[in-house]
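These are the structures, in C-alpha cells.
Shared between the two complexes below is chain A, which pairs with chain B and chain C, respectively.
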Partner chain A sequence: MLYVAVATRAFRRYSTYRAATLAGIFTNSVFGIIYSFAYIALWRANPSAGGYDSSDAVTYVWLGQALLMTVALWGGGTTDDLAERVRTGDVAIDLYRPVGLVGWYLAADLGRAAYHFVTRGLAPTVIGVLLFHISLPDSPAAAAGFLLSIPLAVVVSFGLRFLVACTAFWLLDATGARTLSGALAIFFSGMALPLVLFPGWLGTLAESLPWAAMIQVPNDIWLGRHTGADLLGALAFQVMWAAVLLGCCRLVLALATRKVVVQGG
Partner chain B sequence: MTAPPLIDVVDLERTFDVRRRVDGSRRRVRESVRAVHDLTFSVGAGEMIGYIGPNGAGKSTTIKMLTGILEPTGGHLRVAGLEPQRNRVELARRIGVVFGQRTTLWWDLPLQDSFDLLQKMYRIPTDRYRANLDRFVELLDLGDQLDTPVRQLSLGQRMRGDITAALLHDPEILYLDEPTIGLDVVSKGRLREFLRALNAERGTTLVLTTHDLQDIEALCDRVIVIDHGTAVFDGPLAGLHAQGGSTRTLVVDLVDEADPISVPGATVRRVEGPRQWLSFPADASAAPIVGAIAAAYDLADLSIQEPDIEDVIRQLYQSGDRA
Partner chain C sequence: MAEVLHPVARYRDLAWLWIRAEVSYPTSFAMLVVGSMLINALDFVGIAIMFSSIDSLGGFGLREIALLYGATGIGIGVADTLIGSVERIGEFVRTGRLDQMLTKPVPLLVQVCADRFTLRRLGRITQATAVLVWALPVVDWTLSRVLVAAVMVLSASALFFGLFVLFSCVQFWTTDASEFANAFTYGGNTLTQYPLTVFPRELAIALTIVLPIAFVNWYPCLYLLGRSDPFGLPEWLQFCSPLAAAVVVAAALLVWRTGVRRYTSTGS
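Our next item is the complex of A and B:
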C-alpha cells in the first residue's frame, strides 16, 4: 500500500536526526518542569480553576508537551517541505504524479507524527512521571479514546498547516502565514493555557475552533472529562474538523493549480 | 484511416493577468500577458520532437499545459486522448517527466527506495517493474548506486536515476527538460544514445526542450521553434536551415592566386591569397559547385563548414522580433 510505504519512509527519515530528537526531548522536559511549577502555583491560588485540580493541571502540562511536536503545533513537519517546494517550484514534480497531493503529504505527516509521538511524546512523559504526580486515565474507554484522538489531532493540525503551506502559491512565500498560524495555534489549542480557563464567550469560541482538537480535546479525554456519549462527541468534533479541513485542502489545491502558475521554468 | 495524433494542440492560448505599477504613480494597472497564443501542432506516437526557443518564449508554459498542471485559457488540447487539466492524475500514469535542474527522486532516500515508492505510486506490476528496473539499471550503469541516498549521487548519476524513475511505468510520452544540462561530454553522449535506443525499441515519444542544440541534432527528427508564445518554425531540422536562410561555406585553396571565383549557386565572401570562401544555401548540394570549380581551376584543397545551428535559430528569433 502506497500510503503506508510513504508513512514508513517519513518515519525513517525523521529518525535519522538523532541529535535533534535528543535536544528536543530535553527542551520539552525543561518546559514541562517550568510549566508544572507555574501551574502548581496557579492552582494553589485557585484549587479548582477551570474544573481541574492541581494534579489534573500538571498532567495537562505533560500531555501538552507530549503532543506539541506530535501534532507539529506551530508548524514544521512535512507541510514545511510542501511550502518550500511551492516556493522553489519543485511542487510541479509532485503534481506530475498520479496521486493526490493531500493524501500523499498526509501519509508522510502521519509517519512523522508517529516518530515524534514515540520520541518527543513518550520520553518527556517519563521525566514528568518521575518528577511530578501525573494522573492516569481512570477508565479503559478514556485511554482508548485518547489513543484515538491523537491521530485525529494530527490530521486536524495537518489540515491547517497544509492550508498555510498553500498560501505560498499566492504569496510566493508562506513564512508570514506560518508565523501567524503558529501564534494562533499556541493560543487557541490550549497549549499556552487550558481553554477551560478562558472566560465566557472567549472560552466557548476557543473550544469550538479547530485548534481545540489538537491539544485541549485529547487532554480532556485523558483526564476523563469526556465520558460516554460525550466522549464520542469529542471524537466526532475532531473528525468533523478533520473532514472540513481536508476538504478545504483539496479545494484550495485545485484552485491553486487552476489559477496560479507553478513557479520556475 | 490514420490514428489520431498523440499530442494534439490547436490554437492553444494561455494568458496571465499581471498587475503592473504605472511609472511614477502608486496606481497599479491590470494587464493581460499572452504567454502562449495561436499555438498549433501535433505529435504522432513515436516521434522525437525538439521544442526549442529562447528563455521566456513559452516553452515551460506549454509543457505545463501538456502535462495538466496549468489550465489553458483558450484553444484545444488533447494528450493521449485526454484533456490534461481535467485528467491530470490519469494522464500522469501515461507520461514521464525528467527535469535537468530538479529531481523527482527523494533526496533523503536511497535510490532503490525511490524506485520502490514509484512502483507503488504507479501501481506497476512486480514482474514488469523488476524487468524494467533491471534493464535500465544495466543500460544506465546504476547498479552500484542503488543503495546510495540521492543527495550523495553525482549529477550524472542522479540524472540517470531520474531517467530510470521516469520510465519505470512505461510512459507513452517522455518530456525531457534540459536533460543534459551540466553533464560532461561522455555522459551527454551516453544519455543521448540511451534515449535513441528507447525510442527505437519501445516507440516512446520524446518531447525535448533544451538549449543544447547538440541534443536536438543527435535526437530529434523534427523541431518546433517557439518565440513570443507561438511557433515560428515546425519541421525537420534540415528545413530549419532553409527557413533561417542559413548557408554552408566552401573553403577553396587554389594552387595559384586568382580573381574571385564565379560559379552558379555560390557567392564569394572573402578572398585571402590563394584561399577563397564561398557561401551557398545549406540545403543545396555542394557537389555541382565543387565540380564547376574543379573544372575551371587547379585545386590544392577544399573543405566545407556546416552552418552553426545556433546562428540559424538566432536568425529565426530575430526575424520573429521584426515581425
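Our next item is the complex of A and C:
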C-alpha cells in the first residue's frame, strides 16, 4: 500500500536526528517542570479551578508537552516541506504524480507523528510519572479513547497546517501565516492554559473550535472526563473537524492549481 | 576608539541588508509582525485568564506578575533581536558556511549575530513594554527605584543574550541539538514570568547561584515592590543583576571562543 510506504519512510526520515530528539525531550521536560509548579500554585489558590484538581492539572501539563510535537502545534512537519516546494516551484513535480497531493502529505505527516509520539510523546509522559506522579487513565475505555484521539488530533492539525502551507501559492512565503497560525494553535488548543479555565463565552467558543481537538480533547479523555456516550461525542467532534478541514484542503488546492503560475522556468 | 566601533558598525551594515531583504515580501512580513505580537499578547492573556479563577499566584497579584512579565519579555525580546542566527550555528557548521565566514574580516560572533537580523521581533518587545507600562502603577516610585528598573531591563537583555550564545555553543559539539538551548532561553523566560515563590526553595537558590536566571527580574522586582525576600535570602542580591549579567556574558564569550577553536571544518 502506497500510503503506508510513504508514512514508513517519513518515520525513518525523522528518526535519523537522534541528538535533536534527545534535546527536544529535555526541553519538553524543563517546560513540564516549570508549568507543573505554576499550576500547583494556581490550584493551591483555587483547589477546584475549572473542575480540575491539582493532580489533573499536573497530568494535563505533561500530556500537553507529550502531544506538542506529535500534533506539531507550532507548525512544522511535512506541511513545511510543501510550503518550501511551493516557494521553489518543485511542487509542480508533486502535482503531476499519479497520487493526490493531500493524501501523500497526510500519509507522510502521520509517519512523522508516529515517530514523535513514540519518542517525544512517551518520554515526557514517563518523566511526568516519575517526577510528579501524574495520573494514568483509570479505565480501558479512557486509554483506548486516548489512543484513538491522537491520530484524529494529528489529522485536524494537518488540515490546518496544509491550509497554511497553501497560502504560499498566493503569497510565495508562508512563514508569516505559519507564525500566526501557530500562535492561535498554542492559545486555542489549551496548550497555553487548559480551556476549562477560560471564562464564559470565551470558553464555549474555544471548546468548539478545531484547535480544541488537538490538546484539550485528548487530555480530557485521558483524565476520564468523557465517558460512555460523551466519549463517543468527543471523538465525533474530532472526526467532524478532520473531515471539514480535509475537505477545505482539497478545495483550496483545486483553486490554487487552477489559478497559480508555478515559479521557475 | 575606531577599533572598538568597528564591529558595531559592521553589525549595523549587515543588519541593514537583512532588513531590506525582509521587507521585500511585504504581506508575509506584516503577518510575521502581527503574528509575533499576537503570540505574545495571547501569552499574557493566558496569565490574565488564570486570574479569573484566583486572586494571587504564589502571593503575587496580577499587576505584580505583569511587572515580572514585562521585564523578562523585554529582556528576551532585545536579546532575541540581537542574536540573529546564533541559535542556528549548528547548521552553519554542517553546511560549511562557517568556513566562509571565518575568512571574512569581521569577528565571527558579529557576523552570526547580524545574520538574518529581523525586525519582526520588535513585536515581542512592543508587547512586553505595553505590559510593563500597565504594571507601573503597582510600584511606589522613587529615584532609586527608577534606576533599579532601568538597570534591570538592561541586565535582563544582557543576561538573555549571554544565555542564547552560551547554550547555542553546544552545537559546536552536536550540530543538531539546537533545541537544547530553548530549555534555558525560552524556558528561562517562561520561568521568570512567575514569581519564584511558586517554585521550591532549592530551585530558587539554584537559579540564584548556579544559573543566575533569577537576576533577570526577580531580585530587582523585589526591590521595586519593596518586598523582603520570601526565601530569607540577603537583600543586597536585589542590586546584583548587572554583576550576574556580566558573569553570564563573560562565560558565554569564553565558551564561544572554545567552541570556535575546537571547530574543525566538515571539509566539504
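Keep this in mind: the second predicted complex is superposed on the first by the 265 of 265 C-alpha atoms of A that agree within 3 Å, B and C clash if a C-alpha of one lies under 4 Å from a C-alpha of the other, contacts with A are read in each partner's own complex, and residues count from 1 in each chain.
Following the convention adopted for this analysis, a residue touches a chain if its C-beta (ideal position, glycine included) is under 8 Å from a C-beta of that chain, and two chains touch if they have at least 3 such contacts.
On a predicted model such as this, the values are computed, not experimentally measured, just so you know.
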{"item": "Contacts of A:L172 with chain B and chain C, given as first, second, both or neither", "value": "second"}
{"item": "Which of chain B and chain C A:D90 touches, first, second, both or neither", "value": "first"}
{"item": "Partner chain(s) touched by A:A143 [first = chain B, second = chain C, both, neither]", "value": "neither"}
{"item": "Which partner, chain B or chain C, touches more chain A residues", "value": "C"}
{"item": "Touching partner for A:L193 - first (chain B), second (chain C), both, neither", "value": "second"}
{"item": "First (chain B), second (chain C), both or neither touched by A:L22", "value": "second"}
{"item": "Partner chain(s) touched by A:L232 [first = chain B, second = chain C, both, neither]", "value": "neither"}
{"item": "Complex contacts: residues of chain B adjacent to chain A", "value": "16, 55, 59-60, 64, 67, 69-71, 85, 88-90, 92-93, 95, 97, 99, 102-104, 106, 108-109, 113, 116-117, 120-122, 177"}
{"item": "Of all residues in chain A, those that touch chain B in their complex", "value": "1-2, 5-6, 9, 13, 16, 89-90, 92-93, 95-100, 257-258, 261-262, 264-265"}
{"item": "Residues of chain A touching chain C in the complex", "value": "17, 19-20, 22-24, 26-27, 30-31, 34-35, 37-38, 40-42, 45-46, 49-50, 171-177, 179-180, 182-184, 186-187, 192-193, 197-199, 202"}
{"item": "Chain C residues within the chain A interface of the complex", "value": "25, 27-32, 34-36, 38-39, 42-43, 45-46, 49-50, 52-58, 174-180, 182-184, 187, 190-191, 194, 197-200, 203"}
